Amino acid sequence: MSANTAVVERYRNSFLKEVEANVEEGQWVKMCMQCGVCSGSCPLGPAWDHPPQEIFMMIRAGKRDEVLTSSSMWMCTSCYNCIVRCPRELPITHIMHGLANYAHRLGIAPKNQPTRKFAKLFWDNLSKKGRVNELKLGIALYFMNGLVSGIKTALKMAPLGINMVKTKRMSPMEYFGGHGIKDTKGLHAILKKAREIEAAKMQKF
Amino acid sequence: MAKKEYSFYPGCSSQKAASGSNYQVSVDSMCDVLDIQLNTIPDWNCCSASIGYAEGGELPRLALSARNMALSEQHNAGQDIVATCAACWLATRETKDRLLHSEHLMKETNEALAAAGLNVKANQNVRHMVEVLIEDFGYDALGKHVKKPLEGIKIAGYVGCQTNRPFGIQGESFENPKYLDKLVETMGAEPVENYQKKVSCCGGALAFSEPEKSQALIKDIIEAAYDGGADMIVTPCPVCQMNVEVYQDQINSKYKTKFKMPVVYYSTLMSVAYGKDFKQSGLDGQVIAPNKLNAIAKK
Amino acid sequence: MAEIVATNQTILVVGGGISGMTAALEAAECGKQVILVEKNPTVGGRVSQLYRYFPKLCHPTCGMEINLKRLRANKNVRLMTMTEVTGVSGDAGNYSVSLKINPRFVNENCTTCGACGEAVDVQFDDEHNYGLGQRKGAYLPHAMAYPQRYVIDPRIIGTADADKAKSACPVNAIDLNMKGESAKLTVGAIIWATGWRPFDANKIQPYGYDRIANVITSVEFERLADPHGPTGGKILRPSDNKEAKNIAFIQCAGSRDRNYLKHCSRICCMASLKQSTYVREKFGDEGKASIYYIDIRAIDRIDDFHQMVKNDPNVTFVKSKVARIDEDKSTGNPVLHGVNTEGYQRYANPHDLVVLAVGMEPSVPVGDFPIKVTVNEHGFIEQDESNGAIFAAGCSSDALDVNRAVQSATASALRAIQVVNRAAGMEG
Amino acid sequence: MADVKIGAYICKGCGIGDRLDTKQLAQVATRDAKAHVVREHDFLCNADGVKMIQNDIDSEGVNRVAICACSRRAKTEAFRFEGVAMTRANLREGVIWVRPATDEAQETTQEMADDYIRMAVTETKFMTLPQGSEKATYNRHILVVGGGISGMTAAVEAAKTGYPVILIEKTGTLGGSAGKAWRRIPQKAPYANPEDTGVAALIKAIEGNSQIKVHLNSTLTKTSGAPGRFAVDITTESGSTTTENVGAIIQASGYTEYDASKLTEFSYGKAKNVVTQAELDAMAKAANGAPLKNKDGKEIKSVAFVQCAGQRSTKEGHLNYCSGHCCLDSVKQAMYFKDANPAIDTNIIYTDLRTPGAGGEDFYRSGQNKGVTFTKGQVNEVTTDGTVKFKDLILNEDTEEKADLVVLATGMVPNSGVDIEVVKQDEPGQWKSNNESVLNLDYRQGKDIPLLKQGFNDSHFICFPYETRRTGIYTCGPVRRPMDMEQAMEDATGAALKAIQAVENAGQGRAAHPRSGDLSFPSFRREGCTQCKRCTVECPFGAIDEDEQRFPVFNEARCRRCGTCMGACPVRVISFENYSVDTVGQQLKNIDIPDEFSEKPRILVLACENDAYPALDMAAMRKIEYSAFARVIPVRCLGSVNTIWLTDALNSGYDGVVLMGCQKGDNYQCHFVKGSEMAHYRMSKVNDTLTTLNLETERVATYEVAITDIERAPQLINDMAATVEKVGMSPFKF
């Protein structure tokens, strides 16, 4: 579909129905009563172009592209303030995660969104050997925006790294090998199967 | 008292030479005193924390925690699953709740697990170590083991997010949980009353991708601890611990502050109070030395 | 056991607030025999703790004066204060009711001269002022209290203060040996008018009612504005007794929220709109009110009051459920954090005082009714055949404003009359 | 009647004996006021004191009693004597509690008490015990006007209580507005789904009830009489009239949906797919579950609901109120679509969603759960092709939605009859039958019940919602205030009680609210009457008609005993047995007026007994002092104050007069609605009298005083004392 939902579709429920079908916990979006407590509770509130309650309204208004290309959901710190305060029991944290994931999956999430990149690195890191390799993750992270910026970041982060190494909370040896589970094969099979099931459930809109 | 056994989910950060390795050291010391036996779930995997959502999606993410639960059910049947990491605990407990709430998620998850010959029932309790301490022992029992009361130390109990929300500790409020303060008191130290940033988010999940934003949050957390006259901060979460402790240099250079606020685990406090030494208490893992605590540990 | 004359043609009204009094009086003025029981030492209930009513801004005590006059004049009503219903059994037209009558320690000789109150030293939190002030251990609950008779707080019995009170009384009205009594009576129908209580604001943790001195509840605010209240009608905030001129009202504090009360308490929007006029009444142009709301529910004709307040330049409306409140330690000002959802505006607003428009919770918890009645998940009694001749009046049936509570009470009086008329064989 | 024998009883308790010379009080009672029996007692309200009085009544033949003790609001249960006329001299709250216990104050305080004794004894001299009217009539029949859900409920409930009902309905079927709806908002948990309206069941209950007589296609063409003896002409469409006699009337004439064609901006009448809420319900009822189709025959796939269409708006021609039910009714109607086919999009555009109470919020959530969407927005226009143009208040942008059907939630306009304040009706009994009138009363003041602002038949709607300004006629349902079916049914049940109560009161000659139970009633001296019509015009309750010669005809059962007629009468021919021009006038004349040079002025305070007087009492409980020169007389209503009292007071040498009544105007607090207003109006003319007497106008002051004015009320008295000090003593002292 093009930029925004066509005029004729505004405030009709097509995008809402898409979200209900394809986004984790999306069926809750319709239950929002626009009180705004989630928006006011987010620790990174000011960083959101559209806070959660506004996103819910945008979904109802049919603003598909504005929602899915927004960087807002990527600001979620998973602090769960919004969930515990929501008077309507909406699992807002999960809906935000779900929307981000859905946008990412559709390939229309903002390209250079740092959390999006980090999240991918993180997942790749953990799913490879079943456990997180903090050093490799860190290094990959420094270079996620390219070589030059990576070196800058690495230099800036160097004292921190040294502190961690000094206190034995990081080891350069981790780069070679490091932690992992035994049954990586089984884990990969599980994840592959889970992805297949999920992909099959996706509805076309 | 009889030995208490739990099915233990340590989590990635607790591994050797990982950011929370000192947490594990102090937990071990504390468990030793309390006669707790932690039976590690064999071949446990990462929970993917909360940040796993973007690439992982719903079912793969649930499958990760479900695999741990399946292994625990298989090997540590009849025991409660206990995690020390807030993110691990939350991801696992959330998975359990979601699976029990939704038949189709349970079915699909088991379909996925079947690819590795596993099956999950989600029938074990999933608990944070703090819950074990408070509910299975209680403050009085925990206090009985104190050999070196942490006198003269004022401590800000920083509960953070994920040990607190959305589940939290039974009987505590989301906005003003008091269990860390009570633990601090039990260990003979003085809690900071009404520590204003007690449950504020440190931005841990975005520490790497949005460092400025998360460090702005950390700054407020530390500032409020200083306002309350704290000598150090105590926390039950490895993400919080690392995040609040290790970026202080960067924060100082950005905000022209002079922060040097130690951030310790509850288990470190307890180990010291229980008479464990500097290393056993994980104090060698502190980037910013909690001098008053070190002094007691070295006494 | 106390002797009380009642038959299956008698109507029992439980609760002496505006609904109970109305039900009792309307039935009595139709010629029916009524027993009105009230657990407190005085009738009047919650409305006697209000300064003004919306939307007329008239005073509840004014209507109370009329109702008291009706009550004093009507021989068909027997009023029993300090009395609780402990058990009910039987069926429509024939209920057996057990009552517990607590001792007042003051008999009908009392002339409310006040000598006992002056003699007693010990003070307790004043219930009438929601604990905002103190009262003596021998006291008249409030200026309009009826029966107009002092009460000895049972906590001073056996202390020197009790003896002081007794010896100060010039008319021998104090009887320290008065004992609690129980009574059993037969009635034909029961009107249940136990009303509501303000939702416990301590539970609304993000608003820090338990931590921040200058966060109070709407019912407490009524007492501050009332000339009979603890500040003599001055709006002084608790932390430093300074005049609070810039006041925030937070709507749905405990209502419309699955964490607290799921239902809308109906009255709170109008109550806050009304209270915003107190701020203007006391401080003129210096008084400022901000109303943080989700939906303003100024229902039916009285929406014109809402429009009037909206036109006041000193009253600001913010469409927002406040996320949390911090205290500015240097000023004692509560600081409200949240987002105005109309166009997405973030705010961190300091106010002199915050008033939480707390919700209405039925007074009797769901499991505590002495006989089986149909209660919905919110704790309100529903009209149902299976309730027999037990009829809810006022806020035990729903969250209602005074007008609707009185309506409901009048209707339940008729329902009760229908039962006792049948019992009397008058039907047809 | 036996000879007047007055007993005056002076209490010495509560400090009265310590502060006052009660011997002297007794002397005053005997010597000055000529009481026949005078006794002092240490503790008058205790059993012994009461017994003493009762003995005098029983064996000494005392038939007028002056209790000289505390306020008339205190110890009322103790001082309850049958068969005697009684008054109270307020020595406690009125004297010792408002005066300092100092030596300097002693003299004036004692004088104050002396005067109150004189006043009380004098008052008893001029009052008799109300006997009740001999004209009381009893008729158990209840007339219900309107066969909608309110009227039907009232009829069924009254009949269930044992009172026969006559129900008239102007159309050919029972059911009213509710009968045209398909479903109603749920009234029971779980408040999740629209439910049956219950109309059919009610109709069945009425048809099967021999106690209810139904007149369809009928209107009231004339209503005359009073509670207990109303005569009503019921006229059918064809013109035949029957007359019925009833004891009380319930007006349940309902509402008319606001005329949507006034909303030109919403294209109503121009666009084929724009309907009102009522029209949609009628469509749904006709379809009875089948898919709803537009007028052009196309199936409806999307619906936009426009809330507050022409409501809550100050625009000309709009309703400035909220109709209360529309939000929930839109949720209900959206469910009509969603329940039939979840694929139909339904969007409710609102500014404030109003779903109150326990059920309301559940129903709102249920709607959301079914997929009804809600948009906070201000609708500006609906185009002729059905596009709703609005401002989304959350997204803060002007936008639009195109829907197959647009539903306008227009409000309720009450069918409240003729506004007698606007349509001047000054030809008593002469008005012709008027289609717009509901009751066609032949009352002197007009054919229908006076309205409250916004056109609803309501009055003291907070504390006493049923008290209309026409005794024995009770309104209920949306004619009284906007409401949904549940509230209307509750309201109707309450109104049925009030009607039954009116029947019973009328049968015993007792007053209705607020002086419920009062047996006194106004009588007038025909030979003194000048037919000036002031009483008939000013009676707040339209109780007084006029006969052919324009003499007033008092309808006691309609009278609320406020005394406004007595206050209005320029020739003072109207009085009650225990409340008359004399009971007050003689009191104020029988006090001691010190001479001009004594520096002891006298201030007369006439205070409304329900608000100002209790305010002074409560001020006294707090020991707030006021001038010892004040003499306070409670009055039933400020409206009952006859200007002769002022003239008499000023002529007798009073230096100032303060009148304290209740708030008047739209938000009146006056229990007799218009009493305070009438008094203020009369007092505005009193300046002429003052000027004639060559007195300063400041000497008379009229105030609105609330019951909470515990500081202000004493202050107003002190202000007058200060004024007197400023302008000097009255020259009229003898």
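When the chains are written out, they are named A, B, C and D in that same order, and each has its own residue count from 1.
In the analysis below, contacts are C-beta pairs under 8 Å (C-beta built on N, C-alpha and C of every residue); 3 or more make two chains touch, one makes a residue touch a chain.
All values derive from a computational prediction rather than experimental measurement.
Taken together, subunit A and subunit B share the touching chains C.
Ranked by separation of Cα centres from subunit A, the top chain is D. Centrality by Cα centroid goes to chain C.
Note: centroid distance subunit A to subunit C, computed from Cα atoms, is 49 Å.
Averaging Cα coordinates per chain places subunit A and subunit D 63 Å apart.
Here the spacing of subunit B and subunit D, counted between their Cα centres, is 66 Å. As a whole-number value, the distance joining the C-alpha centres of subunit C and subunit D reads 24 Å.
Counting partners per residue, subunit A has 33-34, 53-54, 81, 84-85, 88 as the residues that reach two or more other chains. Shown for subunit B are the residues that touch two or more other chains, namely 174. Chain contacts: subunit C has residues 206, 256, 319, 324, 341, 344 touching two or more partner chains. Chain pairs that touch, as defined above: A-B, A-C, A-D, B-C, C-D. If you check the complex, the residues on subunit B that touch subunit C are 173-176, 194, 196, 227.
Interface residues of subunit C, counted against subunit A in their complex, comprise 206, 252, 256-259, 294, 319-324, 337-341, 344, 346.
Residues 12-13, 15-22, 43-46, 48-60, 62-64, 67, 108-109, 111-118, 161-162, 164-166, 174, 200-201, 203-206, 208-210, 213-214, 217, 242, 246-247, 249-250, 284-287 of subunit B are the ones that touch subunit A when the two sit in their complex.
Every residue of subunit C that touches subunit D in the complex is listed here, in rising order: 18, 25-26, 29-31, 51, 53, 55-63, 65-67, 69-70, 72-74, 108-109, 111-113, 143-144, 148, 170-171, 226-228, 256, 262-264, 266, 295-304, 307, 319, 341-344, 376-378, 380, 382-384, 398-400, 402-404, 406-411, 413-415, 417-418, 421, 426-428. Every residue of subunit A that touches subunit C in the complex is listed here, in rising order: 33-37, 39-41, 45-46, 50-51, 53-54, 81, 84-85, 87-89.
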